[in-house]
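Shared between the two complexes below is chain A, which has chain B as its partner in the first and chain C in the second.
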Partner chain A sequence: MLRRRSLLTAATAAAFVPAAPAILRAADTTGVTDTEIRIGNTCPASGPASAYGTIGKADGATFRMANDMGGFAGRKINFISYDDAYSPPKTVEQIRRLVEQDKVACLFNTLGTPSNTAIVKYVNQKKVPHLFVSSGADKWGDYKEHPWTIGWQPSYVTESQIYAKYILAQKPDAKIGILYQNDDFGKDYLTGFRDVLKDRFGKIVTLASYEITDATIDSQLVTLQGAGIDVLMTVATPKFAAQTIRKVHDMNWKPMHVLTGVSVSVGAVMEPAGPDKAIGIVSSAYGKDPTDPRYANDPGMKEWRAFMAKYYPEGDVKDAGNVFAYGISLTMLQVLKQCGNDLSRENMMKQAANLRNLESPVLLPGIRINTSPTNFHPIRQLQLMRWNGKVWELFGDIIEGAST
Partner chain B sequence: MQGVLHQILSGLATGGIYASLALALVMIYQATHHVNFAQGEMATLSTYIAYTMVTAGWSYWVSFIATVVVSFIMGVVVERVLMRPMTNAPVLALVGVFIGLLLIVNAMTGWIWDFTIKTFPSPFHSSTPLLGGFLSGHELGSTVVTLVMLLCIYLFFRHTSLGLAMRAAAYNPVSSRLVGVRVGWMLALGWGLAAAIGAIAGMMIAPIVFLDPNMMAGVLLYAFAGALLGGIENPLGAVIGGFAVGVIENLGGAYVVGTELKLTLALVIIVAVLMIKPSGLLGRTVMSRV
Partner chain C sequence: MSGEITAEATEASTSIRTQPSTRARPVPFAVTVIVLAGAVALTFLVSNYHLFQLTMLVGYAVAILGLNIATGYNGQISLGHGAFYAVGAYTAAILMSNFDVPYWATLPIAAIISAIIGFLIGFPALRFTGLYLALTTFALAVAVPQLLKFKGIEDWTGGVQGIVISKPEAPFGLPLNPDQWLYLFSLGVAGLLFLFAWNLIRGRIGRAMMAIRDHALAAEAMGIDLALLKTRTFAVSAMYTGVAGALSAIAVEFVAPDSFTVFVSIFLFVGLVVGGVASITGAIFGAAFIVFIPNIAEQVSKAAPGAIYGVILIAFMYLMPSGVAGLLRRLYHRLVPSSR
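So, the complex of A and B:
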């Protein structure tokens, strides 16, 4: 009996020995070996949002480029990207697989507002860095609620605050109509307008929502026109934005028209809608448009084109998603660079929240990436632009949003 | 008052979209007594075929006719290859096939033609928008096309022996076979015709909503609602149902419940109608002796 107990004790002690150094080293370095850093990602390669699938591929291509350039502290990036079909339950399944089975060091650029909403609680419980999510929802900047999650692009709230201020400066007694998609994306814009207009919101704003299953938005526009508004703010995804531009023109209605930056693609919105029908529309940008002839000789875009030719030749060089992916992946590479030899999860998160005036070849000149332990909105600047029938003309200064 | 009129007009324009796809649903139901969930996606695929022909430089009407023919063949092939082996399978298995077809066709169109929205040409030009921009020349033209299709389907089923044979094959396959109707081919023909009607619907809808692989996802839902409201066995009922859904949805959304609940309102009305008259507004109650 006694003998058995001592054997058991010995066995237990032996079992604990290999783990001991890990306990001593407080930092969690899951996913980092002597030769590789595992980074996980989910992206819709199929399903309704598969147009965004190219972003995950371009992310992977950027990491291949980084590996060719020597990697980080002697390690290569192993980028594991799974298809979630833009379906939140699938995202949960794939993220669990990445965290528990593949044991990735961090998650990067997981795509979609609903998908990220579904996983944010889990990854924060697991304390896995959830870096630079692909979604403009404002909540990714909430460092108190989820300290392991950080966004990247300007949030929709920031953007709409800038529009609201611009509208008030142009038309102090504007009657504003907002056509919005009835989900988190659309409602973030209402929040931004409420922030700026405060108690005037109820008096001067008329709202009309649509569902993504609607065939057309004609009825909503008829309602808004009937309400006598003179500024139209359109918060719609590309298809409905193009429909709106065309319908407003066909109704011979000429409100001041502000359009969300989500739907300013020349190829996907302006051309299908009719470039002439959109003249005068105001929107905003933070990145460079790959179809804009102005950037034909831009050094930053030349760098991007060279990258596309070498690492992602099958990718579409007109697709803004590939520009976005390059910009966001370069930010990730900067974080790894700042980490140096300490690739623990804690340090990754610390460095992601410690970016200072980072410029990017694919962002508009003057726009800088800044983060701090109390600022999880890396890009907070935008520039307004106006459609002239051929290209978007930037005007005014780089504007910083109020939201922190 | 002008506002109401504008809402009704734009409701009719949207209703026309629902009505044209509802016709394809009626067709397949008449011919096979099944509701094909992939009908919308097949129509989208056909529209992409037309788009490819038009961008390759073919004239609109040549592409139009070629697309209708190709779609007809496509429908027949789908029936022969996919549905044939399922002849005696339970309904749930068929639903599985329909949904599989929906996913395959949707992913395929996205893969081949990518997901960026495309402009699809319209044969009905009007230099100035009609009725103050609330109805375009195309919307008027496509409504006429829908009505012509309706007339053709009506005449086909009522006044041709082939139409009669098709209805018989769907209604009572065993007896039909005994009187010499080739039931298998009637089903294939039904699929082909439904695909052809879907192709026309797609080509009429695309100029309004823009062409993209998910063009029909929302429309199919409303088309179902329209078809059920009017009676899924009755082409005229389905068309009226489609228009009615468009108008109810607009008026309800603008004046009664707000835009957030307009789809809900339309569906509630349909449920109410079906509770009182399960075969739809214009549907006949079928009684069979046992």
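So, the complex of A and C:
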């Protein structure tokens, strides 16, 4: 009797053992059939941030291009992008729709810091790959806290580390003044400076912050000048950046001036500030500017323009968002290519964290995308540039941030 | 002799008063029971994603009901109820994350805080009327996202980062998943609040509120304390919307300044008008409009969902000038002539 029962147990166990992995595999390849790979996305097609809506459309166009080129092992990408109007509650609703109703294999390039913050817990609980989010916040590189989420663009922390290193190399005895916007965008830059300067941060850095609701930053600049600083780091959104450039010039103050890469737009910052007043300002870039005449004959940008003409003719070829979308979507295509025939969620995440020296036609030459299980910051390199009164001139080598 | 006549007259008048109501009531009452039973049944019939949508719908319905108490029944136009929605949501989130208060206990606190703020905001309502009040409250809605980022309260509000909270599990070992439980919980809270609103509106205070809306001077002449009633109405209205905000925060598991832009106030107002001004059931239809129409608009056109939304809104206003509830009321009166 006893023997029969143990036999039975053994038989049952034997029957279940091979079945278990099969069940697991079936559950993990959600969103993948023999003919399609479903990829989900949210983007603000309406609402206050609808200017970013073009990124979702350009992503979709890139995937159409990939499908025309044969897709992946007989499968075509079915890209499902929903409007979240840049409202976090709406993002939660749309992401649940993508994951639970549409049963997508992964989420790609969901846009916005608040929107991604609202969903990051949910997608990590559900173990859905949350690939290459559109946000410069540093926290998307935190592979320990959320192993299913990965960023793409250089984080603000990475960028500020690069500035700090550059400043120290130029002026080892610098007295640095940082004018920053008092929110997580501004505070990420302080983190980067602290990382590089370590103990010296308290001694050589003077801080001045402004609220986005302030009318001007004049008093902050007067304070910084009074503190006798010789390097000014401006971490401001375009309107305030333009004000700063103008005010510094009008004060007849000539510090070494470093400006966040967020506010380097010729149209929105340099022109309103006065192109001559900004001469000598240093900033950084990682992608190619579609309005820069020097890329008129650049092979990478030609490729991008051909793509725009064929797959997204209604898109604006002056909008840097479309360049960004092309670059980030090509990275996603590389992940799918590396996945081969194993399109399980685990493998997608594994391959997203296994990109090696990937170059991109729309990134500056020499900038490479690298990820690993302990590096969820795909782009950590930038190149410095200086405003010469007409265009931003790139100079020096490609520089890498210190953080991983 | 005279006593007998009085008794008779009283009897007659009560019978006259109760007669129409006993005849008219069974249908709405039956409908209410059926709708409620249907709403409960949905817990087990639809997917978790749809339950989340329905939970949001229930929240918006309570918020619109609150707006309706001030705007529909009392004539105080508010374009700033998103502010109270935010206050309720942040109250719930701060209590849950910083003070470990259980989710259900945050609702009464959110109600009290919203009511106090509503009462204070209600004071300008005494001086401003109509469009001027609308603009004053609109200013409040515009200010809210920036006030939430204020440095002094950042330790509580989390600044631009917002606050992430956790969805409650079903209590007492009920065999429900968190989405099912939260939907039922919200439905229960909303049911109570709707019942309370219905009682308030059809009673003495409700009549006084409507009298102020229809003719303030006449209402005052009849002995209604305008200042007291208007500010208290605004407080009750804000309380409803605050509780709705708390429910939505628990469902979304996240609050941030970007969740409470001026659009929230505008959508609540749209829901109020589409559902039906001065209608309790209208709040439910208005909420359904807020939740579902943007998705439908996007399905029609990915390129211009906003334009499609606008067209649908115009169509609603053209076809149902008195809102969905108004249309249903007209249909009901036509089908059941005795109900007139």
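Definition applied: the second predicted complex is superposed on the first by the 378 of 404 C-alpha atoms of A that agree within 3 Å, B and C clash if a C-alpha of one lies under 4 Å from a C-alpha of the other, contacts with A are read in each partner's own complex, and residues count from 1 in each chain.
We take it that contacts are C-beta pairs under 8 Å (C-beta built on N, C-alpha and C of every residue); 3 or more make two chains touch, one makes a residue touch a chain.
Quick caveat: nothing in here was measured; it's all calculated off a predicted structure.
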Clash-or-fit label for the pair chain B, chain C on chain A: clash
Which superposed partner A:267 touches (first chain B, second chain C, both, neither): first
First (chain B), second (chain C), both or neither touched by A:174: neither
Chain B versus chain C as contact partner of A:238, first or second or both or neither: first
Touching partner for A:353 - first (chain B), second (chain C), both, neither: neither
Which of chain B and chain C A:117 touches, first, second, both or neither: second
Touching partner for A:183 - first (chain B), second (chain C), both, neither: second
Partner chain(s) touched by A:96 [first = chain B, second = chain C, both, neither]: second
First (chain B), second (chain C), both or neither touched by A:46: both
Chain B versus chain C as contact partner of A:211, first or second or both or neither: both
Intersection of chain A interface sets (partners chain B, chain C): 46, 48, 50, 182, 211-213
Touch list for chain A against partner chain B, complex: 46, 48, 50-51, 182, 208-216, 218-220, 222-223, 226, 238-239, 242-243, 247, 250-253, 265, 267-269, 271-272, 316
Partner chain A, residues of chain B touching it in the complex: 2-3, 6-7, 10-11, 13-14, 17-18, 107, 110, 114-119, 129, 132-134, 136, 205, 208-210, 212, 214, 217-219, 221-222, 249-250, 253-254, 259-260, 262-263
Touching residues (chain side chain C, partner chain A) in the complex: 47-49, 52-53, 56, 146, 149, 151, 159-162, 164, 248, 252-254, 256-259, 261, 263, 294-295, 298, 302, 305-306, 309
For the chain A and chain C complex, residues of the former touching the latter: 45-48, 50, 57, 81-83, 85-90, 92-93, 96-97, 100-101, 112-115, 117-118, 121-122, 182-184, 211-213
